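After this come two complexes, each holding chain A, first together with chain B and then together with chain C.
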Partner chain A sequence: MSTSASITSEQGAAVPAPAQQDRSGAWAPWPLLLPALALFIAVVIVPLLMTVLLSFHNWGQYTGIEFVITLKNWQEIWSDPYFYEMFARTFRIAGLATVIAAILGAPEAYILNRMRAPWKGFFLLIILGPLLISVVARTLGWALLFGGNSGVVNKALMAVGLIDTPIPFMFTETGVVIALAHVMMPFMVLSVWAALQRVDPQIENAALSLGAGQVTIMRRIILPQIMPGVLSGGIIVFALSASAFATPSIIGGRRLKVAATLAYDEFLNTLNWPLGAAVAVLLLVALVLIIVGSNAIIERRYAEVFR
Partner chain B sequence: MSFLELNRVSKHFGAHVAVEDITLSVNKGEFISLLGPSGCGKTTTLQMIAGFVELSSGAILLNGRDLGNVKPSKRGLGIVFQSYALFPHMTAAENIAFGLEMRGVPRAEREARVRDALAMVGLEGYADRYPRRMSGGQQQRVALARALVIKPDVLLLDEPLSNLDAKLREEMQIELRQIQRNIGTTTVLVTHDQTEAMALSDRIVVMSKGRIEQIGTPHETYERPASAFVSQFLGKTNEFPGEVDGDAVPPVVVAGSCRWPAPAGISGPVTITVRPEKVGFGSEVDKGLAARITNRIFQGNHWLFQCETECGPAIVIRQNTGEAQPVEGESVRLVWRTEDMGIRPRGMA
Partner chain C sequence: MSRNGPLALIFHTLFVIFMVAPILVVCLVAFTPEGYLSLPTNGFSLRWFRTIADYPEFINAFWISLWIGAVSSVIALLFAVPAALAIARYQFRGREALSALFLSPLMIPHVVLGIAFLRFFTLVGISGTFPALLIAHVIVVFPFALRLTLAAATGMDRSVEMAAISLGASNWTLFRRVTLPLILPGVVSGWALAFIQSFDEVTMTVFLAAPGIETLPVRMFLYIQDNIDPLVTSVSASVIVITMLALILLDRFYGLERVLAGHSDRGR
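Up next, the complex of A and B:
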């Protein structure tokens, strides 16, 4: 939008035109925006508003959705500790998955960046390849490995005699966190990778020549420079993890509910659409606040250095 | 005595020879330039001195001590990189203080030395600026201060001025030279810019294809180039084909309608070289090389003439002294002093 506006103003400057023509030139981009705007409104804004509206409707076991305005759903969420626990679990899982993805993903990106030509592309493909596979398939891999007595890893370890009972992975929070961290890893690697591209390749040599050791170079020179990449990768991973559906529903199952799986159940099992809508809206609002807030903090923190 | 010594140093990357058998000794306090086109091995040589690249063979000695097993972080060299490689997340002062911090210099002394270093490069008041907020020239000064504040034995400069615009580059050349003279740090500069090498160095090492072509003062390398490569790389040179007439007594070199006394020990076909600014315009009686001016270009302080001589094309540079100059299409005679011309057997590089 700003590009097209600046082009028009340049044209206006180049060709001295009467004021009226000039103004029509300034409005010219708006009609061009209409198709995309209409699509955006139709598929994002309207459903979103309808969901918000839905969360204020009433629902009865025998009456279904009643089109009245009520705060009943919001009061239910507010007063029932079950929802607190569920939201706390959702954000705890997302937070832990983000931390794990950062701790493993940042070094992964750094090592990848230092690799030589043929290997670099090869391993980049290996890291990004999973994005081409459905998240359901990737998560089911974990289920195959650790699913109860018949999981491949559990079976093998028990056969060897290292463990007596299967490793508890399925239907545990730990399991969901590990699987989510794995599934989201490519986003973290990509984000850190992008930050590393901006690091001067000579900068490590510069620090080396000034007498810094490898650990100091990592801690004082490289890490501060890729921190914006880690943080923005963290925001992506956190948002995707907190709203993830497939992984928590496969690993966590019906027992270990998070916001997305709960909303799904309310919609499709209980058929209590208004309550499901309220949960979904609450998740959306919380995520927007967290993301916008942390983004603002990151931008302020690094504005001076990385403009 | 020699302070920094490169003894038969070579570097091979697989089958590719980057540096071949380089021997060089740099005196304490000397400013030396490694000059050559890209790919001549000058940067590899610098990186071997810095320790970023290992030698394939040979040895590098600093003050009599073999650097072979000394880690780059322990060599105590100051390096200014082409990209400056400043730490973008640190202020100018923090950048400069980094090397001192690594050496465990106490805070008070550190601050004093950083202040002095900033003053030395004329950046007082910029201590708290971040590199991205500084101009190229200012960043360059910070990089120089960062390299010098640790009082390095040797200062290595890797094309430090190539990212600056022409005017700023000239200013920085003068300043760099002055700073280096004041503190007397032994300096090795890598550059592909022959005017920069001449303006700054005590001695120039001209390199080509991984080998040293010539080592000498700027004046020597320009006036008495050891090879065709050096004469062509350092400034412009006219070349004419000639022939030694051994039957004449004494022997003479013949080119077109001209003849000059031949140097001893040369016979057969030769190449005559002469710098364009050493060539003058003579009259018919001067018996110079017959030429016609095809192009005349005014360049402010001098004129540039492109000529077609009886022995091929030539260029002539004349100072703009205000005197009348020949015009395009005019027939002239090109004359020069015998001592200004070089004669070497043809076919020899």
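Up next, the complex of A and C:
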């Protein structure tokens, strides 16, 4: 994931229609497309199908991977409460990180959008820049800030008087959520920012001239217009957080497992590849269902905004 | 347009501190003169940056990252430029589906990609090799290469091409002398963004890396798993500085907002 991952501001559907359509034959584009298509079939589709198949194979401590078709791994995931707990933790962490990113990121995008020329660009660079900095380096920063009971964050919070006793951040869900919210924040700001670019500032002025207060303008004018941006940003943040690897691994440690770190363990430590493949396939299916489902809901709810 | 009130500016300041603090603390701790993790309280020291030189695995990983990033981005563009031209110019059956397929590495969790590649490369018999790592990175950076090229190809003025064709230019000449120069800004920034993505990738690569064939983020990650010391913060600080420089260049030449947002304002 990096988070690195992925920049999916328009959810892939935003391939613009051709400016001028060439009608010199239906076969004309295929020579251009064929190399990339062949590459993707060979190195994306085939490996993914192999992974699905792998999740149905058997694995033994001494025999390794056995090429039989069995539901054993899926039954294990289904019946063992350990996996249920792990997936619940994964989606709980992702959900909380998404909520924090929305609550902090949306107002910041709005403030950013109202800034003047040199500052706007400068702060946009400061806030979006971390997106391109290695997620390992950013997470290391949080590990240093949290760093045990004498961490900088705890010292600062106690100095301000917000807390009396240090909060454990390292190796806890709280720490993972905060670090993930930070890692994913640029996606949220970017998404809300994109929505704000479509807002006509004159509407705000019109409301003002009609005697609306700041709160009313915020609630009735701004919020409804940026909501699609918040929601599509939320989907991106949620999907990337639920499949995050480096951050939960470094901040959460070895015991606080999420789906990605568990799959990694099964593959590189336990060497039970079929079980790891089943966890990964389940994560993929769950995320696809969540993304497609919430996209459909958002598009129906905000059809007039997307038109 | 109305200005931001004092409350908004306080929120903004706290937000910026939140975003910058983890990055800043890495850079500060990297300069500590002490042998343990601490903020440099009595003077700045470069000792931990000098220590990097004694760890060939970091230097080696850095070069591998550089090579993988540069070469995989070029290979991705070799596939992406023709595909982008086809998608930008023709209306054909399966156009939407193909675009979705080509952008799918953005949507598929990298941990799933890592597992799929590991399984595939193991069966093919090239697991743990440099070419395997390279192919995997080509796929991961492909959407970025495609997107920026697509944006450039869609916005291109076709009349120049028509003129060249009417003057008898061959297909190859047309591409080399007219089309490519026109979409070059998109191609170059596509390369730059693809390179950065490859250089930062850790989740997928960690599945494919083998001793001696690790990228820098993977080496850093594996090191941090064992212990966190000033050495790894100085390596991280170096990575941050390199990325920042690349970022500033990218911003100068193309505009960071356009690169990151794709072409959200034009694409609708």
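FYI, the second predicted complex is superposed on the first by the 263 of 307 C-alpha atoms of A that agree within 3 Å, B and C clash if a C-alpha of one lies under 4 Å from a C-alpha of the other, contacts with A are read in each partner's own complex, and residues count from 1 in each chain.
Rule of thumb we're sticking to: contacts are C-beta pairs under 8 Å (C-beta built on N, C-alpha and C of every residue); 3 or more make two chains touch, one makes a residue touch a chain.
In this text, all values refer to a predicted model and were calculated from it rather than measured experimentally.
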item: Partner chain(s) touched by A:Gly64 [first = chain B, second = chain C, both, neither]; value: neither
item: Which superposed partner A:Gly293 touches (first chain B, second chain C, both, neither); value: neither
item: First, second, both or neither for A:Phe267, with chain B first and chain C second; value: second
item: Partner chain(s) touched by A:Thr216 [first = chain B, second = chain C, both, neither]; value: first
item: First (chain B), second (chain C), both or neither touched by A:Pro168; value: neither
item: Residue contacts on chain A - larger count, chain B or chain C; value: C
item: Touched partner set for A:Gln225, first chain B, second chain C, both or neither; value: first
item: First (chain B), second (chain C), both or neither touched by A:Asp200; value: first
item: Intersection of chain A interface sets (partners chain B, chain C); value: 208
item: In the complex with chain A, residue positions of chain B that touch it; value: 50, 52, 72-79, 81-83, 85-89, 98-99, 102-103, 130, 132-133, 146-147, 150
item: For the chain C and chain A complex, residues of the former touching the latter; value: 1-4, 8-9, 11-12, 15-16, 18-26, 29, 37, 39, 78-80, 82-83, 85-93, 95-96, 98-112, 115-120, 123, 135-136, 138-139, 142-144, 150, 154-156, 158, 196-197, 199-203, 206-207, 216-217, 220-221, 224-225, 228, 232-233, 236-237, 239-240, 243-244, 246-247, 251, 256-257, 260-268
item: Of all residues in chain A, those that touch chain C in their complex; value: 1-2, 4-10, 12, 14-22, 26, 28-33, 35-37, 39-40, 43-44, 46-48, 50-51, 54, 104, 107-108, 111-112, 114-115, 123-145, 147, 152, 179, 182, 185-186, 190, 193-194, 197, 201, 204, 208, 239, 242-246, 249-250, 259-260, 263-264, 267-268, 273, 276-277, 280-281, 283-284, 287-288, 291
item: Touch list for chain A against partner chain B, complex; value: 200, 202-203, 205-213, 216, 220-221, 224-225, 304-307
